[in-house]
Amino acid sequence: MEIFIILIAPLLLAAISPLFKEERPLAGINAMGHLAILISSISLAIHITGAGKIEFFNLFHLDSLSAFFILVMALVNFFSAAYSAGYIRKDIEEGFVKGKKFVQYYALFNLFAFTMFFTASANNMGMVWVAVEMGTLVSAFLVGFYNNKKSIEAAWKYLIICSVGIALALLGTIFFYYTASRHGGITSLDWTGMMLVAGNLDPKVLKIAFLFILVGYGTKAGIAPMHTWLPDAYNQAPAPVSALLSGVFLKASLYVIMRYTAIVNKCMGPEFTGKLLIFFGLLSIAIAAAFIIAQRDSKRLLGYSSIEHIGIISLGFGIGGPIGIGGALFHVFNHALSKALIFLGMGGITRKYRTSDMNSIHGALKIMPFAGVAVLIAAFALAGSPPFSIFTSEIMIAIAGFRTGHYMATIIFLLLIAVIFGAFIHHISGMIFGKGPENMRKLGTPLGAKIAVILITAVILITAFATPPFFNKLLASSVNILRGI
Amino acid sequence: MNILLTLLQTITIITLSPLVSGFIRKLKNNFRMRKGAGIFQPYYNLSKLFSKEEVRSKNTSWIFRSAPFITLASSIAALLLVPAVFSELSLNMMGDILMIMFVLALGRFFTALAGLDAGSAFGGMGSSREMFISSLAEPSAILAVFSVAMNTGSTSLQAIAGVPIIYLSGVVAGAALFIVTLAETSRIPVDNQETHLELTMVHEAMVLEYSGRSLALIELSSHIKQMVFFSILAIAVIPIGSGNIFIYTLKIVAISFFVALLEVSIAKMRLFRVVDLLSFSLILSIMAVLLSAIGI
Amino acid sequence: MVMDIFLLCMLITTFAMVAAKRMTALVNGFIGESLFLFFFTLTLGLRSAHAELLMVAALLFIIKVIFIPYSLKRISNKIKAEEDLGLFINPMVSIFISGGLVYLAYLFTRRIISMPGAIENAAFFVSLAMILIGIFIMVSRMKALAQVAGLLVIENGLFLAASAVSGGMPFFVEIAIFFDIFLCVTILGIFVYKINRLFTHIDVDKLTELKG
Amino acid sequence: MNCLNIDFSLNFDPLSLFFLAVILLISIPSAIYSIGYMRGSYSPGKIAFGWALTASFVVSMALVVTVKNAIAFLIAWETMSLTSYFLVTFDDTHEKSIRAGTIYIVMTHIGTAFIAIGFLIMYAYAGSFDLVALKTGTKAMPPDIKNLVFILFLTGFGTKAGIVPLHIWLPSAHPQAPSHISSIMSGVMIKTAIYGMLRFIVFTLGVDSLWWGNLILVLAAISCVVGVVYALMEHDLKKLLAYHSIENIGIILLGVGGAFVFIKLNMPFAAVLSLSAGLYHLVNHAIFKSLLFLGAGSVYKATGTRNIEKLGGLIKAMPWTAASFLLGSMAISAIVPLNGFVSEWLTLQAFFAGAVGAIGGYKIFMAVMAAVLALTGGLAAACFVKAFGITFLAMPRSAKASGAKESPLSMLSALIFLSLLTIVFGIGAPYILKTLAGVSGHVTGIDISSMHFTLNNFVIMPQSSGNNIYMSPLLIAIVLISVIAIAYIGVRLAFGKNNVTTGNTWDCGYYKLTSRTEYTATAFSKPFRIVFSFFLLPYKKTEKIRDSFYHVKSFKYEVFTTPVFKRYIYEPLLALALGGAARIKKIQPGLIHIYIAYILITIVALIIALHWF
């Protein structure tokens, strides 16, 4: 059973971390472990498209949707783990990380991975809440890993804002439980159970419950205006952790929102959640647009880009229909990969220049050719330009918008992403092109990073036009799950 | 048969074109109560220039050398397009009244380039002003031509000349074309052929560097070009009596008379007043198009 | 009747926390609030004869009435934080705003939720009020510890809501949530230490290095 | 993707074939040219990268004009923009290239967004992105929606085409690319926008209202004049050419817009003629603009500058380049018997057909459009007298110019090939017109079997009702050449061998005329600057350093024109966007309390507004 590997491997990796004295072997084992997890998750995905679902312990329930999110998480985890190896070593060499602090990093890294995998596979929504909260607590240490003023400030904001959010999410969960037990007649918080009795639930309560869920988990997912912690955390966390936050943490929170949305939609149709999700989606894109235009810090730029993409996903999800939801899910996948790619490049660049201020970074293509190219590709991919896969998912969402009659929302969406494209490319091209600093030495890229960059580029290029059949099936059945079919 | 007549006509007009210039000059002198040179003076000038030695700047290139021939060719080709008295289908097939504008542009283009070729400031200034004036004259010329052509439904000069009706629009267009003619043939108030004063020269400045044979060719093509414009005025604006040599001659004489009268009665304008004159011509031609649209 | 009184007392202690200007007062307010919450849960447990609820009540007493206030006070003493909480909004206005939030909670409860018994309705209303006021405390107080306290008020509210809903959530969920909150407070405490060490103060309103 | 099966199959109808032919006709010589152009200027790796980019650029353009699915079109379209962006920023250490590239990609992307919205609206009616389905599906579209789609397409494609006022990216982006890319961009890429308009507005959507054509005509007229006036003011050779691209797109659109109007006025002959004229000018512009850009590239490569005030006298050092540049200049100035002349004449004829056949105000409108075209032609001729004269004639104005050498064969061969094309497309006009009429008929859906455009295959005869209009570039060329020959031989026979003395340029007795006393491009364009001052808003800076009142030691004179569109449209817009963004940015002041308050406010507001959802 792949799922055991996926759940236990991170715990094991976390448990053995303190045994290591040197960083190098630990990083290697960590990366290998995550590769194993990735392979298992692919196998799980293939398995699930055949089996439909896996349930055990009365606690875990895995269907296509879970498998899909686990796949995305495992992908990002793997790239992040591989990238961490070089990144943390460099930190040790430069004295940012002293002594055995790297053990702490890897242990937290894996604990975080565990909580996220747990989130995607648990059936009980209460336990899901617990897992997300645990993930927040663990990652707070990762955000504050460098232990300097700024990173502690970021970590504090992250912790406090997410705690408020998660409290509201818990209230929403309580509401769900209330109506499930009162009107549905079940005394558990199992998602499957709630889906079964969804028709009997009280719409009035569901509405209010959904509000709290949306605001609560939305805080974690980085939906505006609750996104405020996100750019700070991106800015201060080590680059692999930023990649994890965007590729895993935000997606996990969205996953939870999606699960709840499915229940609400099954009870009272998609209008209510659709309107809310479209509203918050557009708001996120718009706010991200403004901040991207006025941005001066490269890592914060990426943070706002994540907010934008979260907005796009929730917009697609709110628009609904098979194409809309399919597009949103596909976008989850695409964004995770493209974001990972840009972090692979950008992390090295900001470290080389010892600043993330875009006004001080020029000519990265001259100094770090490979990283520069990676950032450039990723930037165009993120900005939604073909032939990269984000274009495909965005156009799917737009098509769905026009199909379901959300004309205004779609038009605003398309114009906003065009504006974001402009600002984003403007910022990135300023960093990548131009003359590099005079006395800076050219820096090569390690082979591992090169392979990762080429791999991701290939994937986002190919998936723009064709996806493997198991992936299609996975996506299609995930869409059906979310539509309650 | 007809083609021979037409060719003969063209050769005749080419031969007589300096005479028209001489005639105008003579008229002007008479108006000014002066004796002036005889009407054959342009011929004397040409023959003198043709046999004189040519002095050429060492800065020049083949553009400078070929420009006189190209200019001459463009003027003659334009003349061939004008069915002054006799008309011939195969020549008519070469092009219409719009074609005349395009063909003349060829000569102008090369003369202007030649003006720049020697590297003197005079030539450059002349080229600049020539292109300036001609480009601003272009819209009113086209509109006037359109107005005339709209009356007959064809831009073919043969067709236009073949409809012996005087339209009011034709007259107004004629006035506009007359102003264009003044501009294109370097007449007062736009330009002054008789002076070599730096501030006022346009055409003359452009060809200042020419001498001898080349200058003769340039002057000859100016005479021919003048005949092209006069003939267009004669046959297109007042399309009566086409095919009749005498009426045609009469019309040319009348136009020459007008030009001479105008030249002695007004002063040359400075360059940026010319714009006003050309705008006036433009307004006239727009009115002409308006009248044509109404059908009068 | 008794339970109504407990609820009322909880609301009053919450208001007392809003009005508090000093750390000690705030923590004492929290102790009061948690104590009444404990009483409330205990009564509920006794009445409905839920063994689980009794256990939860016991946990509540240990963690919220004893452990958390103690550690808060310890942290406060250890880092020698100033007693003053630093108010963005003065107590009078704060109380008015909190009153508004309570009214909102009341309206909301009446319109949306219809519990079987009056007591559950009231509990729900109070819990919502506490959550909103908790957030408000976090917004309006400058010190890091005050924000922790605000968070604790929210969590008390949540707990109340959970117990109002048919006698608490599934037991293991409840335990997990407890554990989580416990962990959360501990970690927040760690970060308060860190802030104090790096910045030599815990005025979170001065942590504005990251913006835009 | 499972829900988005993009159909990448290709479609070769006359319209596609025509554009494909234009693309190949220009791209291949440009590619050959680049062999010589890139050598020595870039490292081998960079050259390989350049080739890869150029190849994908050309392939994406070919896909743009051949795919038969709107989404595939969008993908090809964006790929085309993307590859050309990388080519614009090819000299990636130049601050200018990066800025130009950014403006380009941003504007073109926003344009693409408009196009995408247009497609999506059509999709909402057709239920498919297939071109055939779109054509049938949009028949049911209400007029209002059709108008909206038209505006979207016009804005989207207009941005790519460089219609004023959406043109500002063009003069900065085209010159910054390597010259063979400038040639492809100006020669072909902006034409794909015309393809888009024809394919999606005329062919698919169908011309629905009269005002569409009127709007296009007015915009085209503005583009013509604005483009050429800016070109006159420009002294950067490649930038000057880029402004001429705006002008020529205007001329092409005069033809296309005329076709729009004539279709609605129910004048099929004039419509076909007008569209053919537009297409003819399109291919002509492709030829001579590539030729000119390649020529400018040769000049740049030989001298290292694009500023014509620093050039001069190159005709002696680079005779072949000069000759081909001259042919290009003549072609673009509509000089007989080259190709530019034919298409302008045809456009004038189309307007004449309109002026004769239409009723009422349209007669005058058409005549005025013809006048605008005439003015444009005149100004373009003036501009190219300046461009060619100052660059190639007289004395070199700098050391760079005097040290120039003729380009290698690979570059020359492309230039000569394109020069020949300008002649072939001039002389062979009747054949080409017939072909283009076929394309126009296909696009507009008008049956052209009863229409005649030529006589005996060498005379153009745009005949709708026996009005005897003829034109033959071949005849006029024969006449011109024979007159020159006769004149030359005749003069030689009559007056003997020409007796030539070579001397200095006449200097009025001042003994030393140098290149510093030559007429400059600034001086050349001064009359135009003054006449168009209402639009150009010129201003000057003078700086005198004097010893005493009477003696001025040095005198510096600079003249500028105000970039009106940039200053009064784009800069305010940008300032608005940046200012707005900066203001919005203030909502995140770093204070955690405010952040928590946002959450509180959001949840409270949502609760209050619950009944709205």
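Remarks
In order of appearance the chains are A, B, C and D, and numbering begins at 1 in each one.
As a convention for this text, a residue touches a chain if its C-beta (ideal position, glycine included) is under 8 Å from a C-beta of that chain, and two chains touch if they have at least 3 such contacts.
Computed from a predicted model, the values in this text were never measured in an experiment.
A count of C-beta contacts for the chain pairs A-D and C-D puts A-D on top. Distance between chain centres (mean CA atoms), subunit B to subunit C: 99 Å. With centres set at the average Cα position, the gap from subunit A to subunit D is 45 Å.
With centres set at the average Cα position, the gap from subunit C to subunit D is 69 Å. Each chain gets a centre from the mean of its Cα atoms; for subunit B and subunit D, those two points are 33 Å apart.
Counting partner chains per residue, subunit D has residues 585, 588, 592, 596, 599, 607 touching two or more of them. The residues of subunit C that reach two or more other chains are 108, 135, 138, 147, 204, 207, 209-210, 212, listed in rising order. Annotation, chain-chain contacts: A-C, A-D, B-D, C-D (touch as defined at the top). In the complex of the two chains, the subunit B residues touching subunit D come out as 50-51, 53-59, 61-63, 69-70, 72-74, 76-77, 80, 90, 92-96, 98-99, 101-103, 105-106, 108-109, 112-113, 115-125, 127-129, 131-132, 134-143, 146-147, 149-150, 153-156, 158-159, 208-209, 212-213, 217, 271-272, 275, 282, 285-286, 289-290, 292-293. Put simply, subunit C touches subunit A in their complex at residues 108, 112-113, 116, 128, 131, 134-135, 138, 144, 147, 151, 154-155, 158, 161-162, 165-166, 169-170, 173, 176-177, 179-180, 183-184, 187-188, 191, 194-195, 198-199, 204, 207, 209-210, 212. Looking at the complex, you find that subunit D touches subunit C at residues 585-586, 588-594, 596-597, 599-600, 604, 607-608.
Across the complex, subunit D is touched by residues 156-157, 160-161, 164-165, 168, 207-208, 211-212, 215, 219, 225-226, 228-229, 231, 272, 275-276, 287, 289-291, 293-294, 322-323, 326-327, 330, 363, 365-366, 380, 383, 385-387, 391-393, 395-396, 398-399, 401-403, 407, 410-411, 414-415, 417-419, 421-422, 425-426, 429-430, 432-435, 463, 465-467, 472, 475-476 of subunit A.
Residues of subunit A that touch subunit C in their complex: 124, 126-127, 129-130, 133-134, 137, 140-141, 144, 147-150, 152-157, 159-160, 163-164, 167-168, 170-171, 174, 177-178, 181-182, 187-189, 204-205, 207-208, 231-232, 235-236, 291, 294-297, 300.
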